[in-house]
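Next up, some structures in structure tokens.
Presented sequentially are two complexes of chain A, the first with chain B as partner and the second with chain C.
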Partner chain A sequence: MYELNFSILYNALPAIINGLRITILISLFSSFFAFVIGVILAFLRNTDIPAVRITATVYVELVRNIPLLILLYLFYKGLSNIDINLPSIICGILALSLYTGAFISEVFRSGINSIASEQFEAARGLGLSRRQTFALVIFPQAIRIILPPLGSQFINLIKNSSLVSFIAVTDLFYVIYKGAVDDFRIFEFFIAGTIIYMGLTGIIAIITNLLEYCLKMPGRTIKI
Partner chain B sequence: MFWSDIYYNFDFLMKGLLVTLKLASISIIGSLIIGIIFGVLRYSRLFPFNIIATMLIELIRSIPLILFIVFVHFGLLPAILGSPASFFQSSCVALTIFTSAYVAEIIRGGLKSIEMGHIDAAKSLGLNYFQRLVYIILPLAITRMMPALVSQFISLIKDTSLASTIGLIELTRSGEIIYERTYHELEILLFIAFIYFLVCYSLSFLSRKLESKPCYSFESKELTTVN
Partner chain C sequence: MVKFWNSFLLLILTVAMMSGLTSCKKEVTNQDLLGVVKQRGVIVAGVKFDSKPFGFIDTDQKLKGFDVDLVREISKRVLGDENAVKFQQVTSSNRIFSLTTGSVDLVAATLTINTKRRQIIDFSSPYYIAGQAIMVPEKSDIKSARNLNGRKVIVVLGSTSEKNIRELAPRAIVQGFRTYTDAFSALRAGRADALTTDDTIITGFLAEDPNFKILNERYTKEPYGIGFKKGSDTQSFQNTVNTALDNIKADGTLELLRKKWVQKYNNR
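Then we have the complex of A and B:
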């Protein structure tokens, strides 16, 4: 019978903290870049130039339908074939932000599209310019609708960041996996990993809820 | 470029694709069944069961899939069976359980979106709780949530690539085996990405068809007559 022995985790604590730091680092950088990429892509997909729009759409569809693991391998192993050798952590951040950026652009696009076109026409009718319409009318309404799915994309990003361990980044999952397999202490390390990942995703969920609460329009409930 | 690698190993890659598709289809069917059961349990007010379902769903939804696959393969299944499980079995179990948590949430969302009018009408026809659920609410919820379910299954197909990390020889792993021998990673990886894209995009095309065409036309007709 398997006996749980949590004292084994005590020895692995420095490694776990180190892995956690790398996971948080990758997640922070990737979230930032993914957000930027997502905003740019959503903007490109709403422009009037067909070539740009089609390119952005093709990019989003392509990335959304390819597994993240393949994308990571393409950056880490594939690029070295054409003499581009990036450090593995850069590859991880790059692949994660490109992957999540495509999803975030979709979230943005659906949020902007969910604002009724009358709002746009009314704002234009009042003499606002296109930029003013977007900044003053469309965006403030869209951000409230976008916030919950955006938060879940960031949660997904944190969970997906565990895959960078397969391109030789010693992140949290790598440490957990190594500890579990080296010592045959699967359950202890798994429970520790679960709690840490739950904590990380829980923090994002709390931040999202807080932001949603802060941005709530008084006297109006937003139905999604 | 060394595209001939793909030509010479085409059969091997297709064998891998077959394993991927088999894994995906078993997991889709399994997760649909388990997901509906757990979604209904979480939606229902059966006291201990809804709490347990909620806890299990939230637990699984908050951990990375790869952690779960490794846990199932090295920890859970050997502990239950008493002997190591095969790669296919453990990746099947892991993917099924993991996806069913997401399917349960989708089903619950569909169940919550049903208007009270349907439930009241079913009640007035004398259907009991179970009959209301099976004949009225669940079919409505599933048709309404079809696009979300399909996109979940697309991400399941993408997630099958993670089974390669515990050693199952599916599409990704068979590609790895080839390029570990030839060192022409880029071509093989691009080809694998293309195959995944073909499989997933055809499914998402289907889901878009479902979205654009109202598949619950009987419902809208019903609503217009009520109004």
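Then we have the complex of A and C:
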């Protein structure tokens, strides 16, 4: 019989807070880079130049179809074979950004494609350049559509960041796992981990919901 | 906000379910493990696959090592057949759980006997005494544990060395890995200055790669024991295995195993 004893978490609290700090750091940096990569890729996939379009498509399909762990090990172990020794935390941010960036670009692309092509033609007809059309007409509409799936991508990113513990980054999951195996208290530590991760992802959920509410265009929402 | 409260509710539900699961009484009548093993005709043993010379996959893809042979000897004495063993891989961080969840009957995996673990599992008498040592690259300037302060040290999560290093060198930057394979490859890649674990496992690494050396000092005594799940249903199994182990010690088999596996690697 297993008896829960949450008091042991008290001793591990400083370590947990440290781990949380690193998880937040990795998530923030990766989210930013992933967003930038996603926007750039989505734009590249809608350009006129076939070579650029194909390259971007190949990149997206390649990256989003390999497991994140392989990507991580590629940066961590693969690069050290050719004498590039990046700190493990940088490897983690790189892998997470590239991986999530590929997914985010797909989210953007779906948003852009959902805008009727008449709008594109009308904007071009009014004399707007391609870039202006994208920035002033397509993007403001698309961002409202893609907000919920975009939020999901950031939530996935936070959860995926736990994989960096495999390359000895002392993130939240590393601390939780270490505590669980050191003290043989798997339930206490994993319940604590669940709560903390849910708190983090909950913040993202709240932010996306708030943004959705603020950006809502009158007359564009349907009540069922 | 509705979404937030929904997730909050879900969270409470999850926690309630987990504590419900864990506190519910075991209503299944426990079958005696010895009876189960005899009926099955096979001992399920947890051994390491990554710790030369105790449990490792050799170049011919076969599982070999001190612990592996020891379990075979036990099986010979308990079931009358040294091949009536099913080996399952365990690592430093999951070997105790694989016992408590009952996925293996016993664990022989460079498992140090200590009081903290005694609260969770039972041990046989010790069958080998190892000691914690430090492994560094051949050209390293590290001479003892004190030099490790401020340097990067690799450990394996869930091992005794991981806890000891904090006392030996409190300001060392500890990098924990889940397996010895990962730990050693990180040291090889130059990701840290040293690796600390039991001397036995280090000598196994040295046999693979002579570009490293082991420091002379031993910081602890690590008596290895066979681990069992606690409980009345495992008592007769424990007694049988312990008798077999005494027998293995008395008739010189253990000494033969020590010569076969440990000395071979020490005299490189």
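Criterion: the second predicted complex is superposed on the first by the 221 of 224 C-alpha atoms of A that agree within 3 Å, B and C clash if a C-alpha of one lies under 4 Å from a C-alpha of the other, contacts with A are read in each partner's own complex, and residues count from 1 in each chain.
Criterion: a contact is a pair of C-beta atoms (placed from the backbone, for glycine too) under 8 Å apart; a residue touches a chain by one contact, two chains touch by 3 or more.
Since we're looking at a predicted model, the values are computed, not measured.
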Checklist entry - First (chain B), second (chain C), both or neither: which does A:Y174 touch? => result second
Checklist entry - So, does A:N160 touch the first partner chain B, the second partner chain C, both, or neither? => result first
Checklist entry - After superposition on the shared chain, which partner residues are touched by A:S88: those of chain B (first), chain C (second), both, or neither? => result second
Item to check | Partner chain in contact with A:M198 - chain B first, chain C second, else both or neither | outcome: both
Next on the checklist: Tell me the contact category for A:R53 with respect to chain B and chain C: first, second, both or neither.
Outcome noted: neither
Next on the checklist: Quick one: is A:N209 in contact with chain B, with chain C, with both, or with neither? Answer first, second, both or neither.
Outcome noted: second
Next on the checklist: Tell me the contact category for A:I186 with respect to chain B and chain C: first, second, both or neither.
Outcome noted: both
Next on the checklist: Under the stated touch criterion, which partner chain does A:L4 make contact with: chain B (first), chain C (second), both, or neither?
Outcome noted: second
Next on the checklist: Residues of chain A touched by chain B versus by chain C: which partner has the larger set?
Outcome noted: B
Checklist entry - Which positions of chain A sit in both the chain B and the chain C interface? => result 2, 77, 80-81, 166, 177, 181, 186-187, 194, 198, 202
Item to check | Residues on chain A engaged by chain C in the complex (per definition of touch) | outcome: 1-4, 77, 80-81, 85, 88, 166, 168, 170, 174, 177-178, 181-182, 184, 186-187, 191, 194-195, 198, 202, 205-206, 209
Item to check | Residue numbers on chain C that touch chain A, as the complex places them | outcome: 1, 3-4, 7-8, 11, 14-15, 18-19, 22-23, 25-26, 92-94, 96-97, 100, 117, 120, 154, 157-158, 162-163, 175-178, 182, 185-186, 189-191
Checklist entry - Touching chain A in the complex: which residues of chain B? => result 59, 62-67, 70-71, 74-75, 79, 154, 158-159, 161-162, 164-165, 172, 179, 183-186, 189-190, 192-193, 196-197, 200-201, 204
Item to check | Residues on chain A engaged by chain B in the complex (per definition of touch) | outcome: 2, 61-62, 64-71, 73-74, 77-82, 155, 159-160, 162-163, 165-166, 173, 176-177, 180-181, 186-187, 190, 193-194, 197-198, 201-202
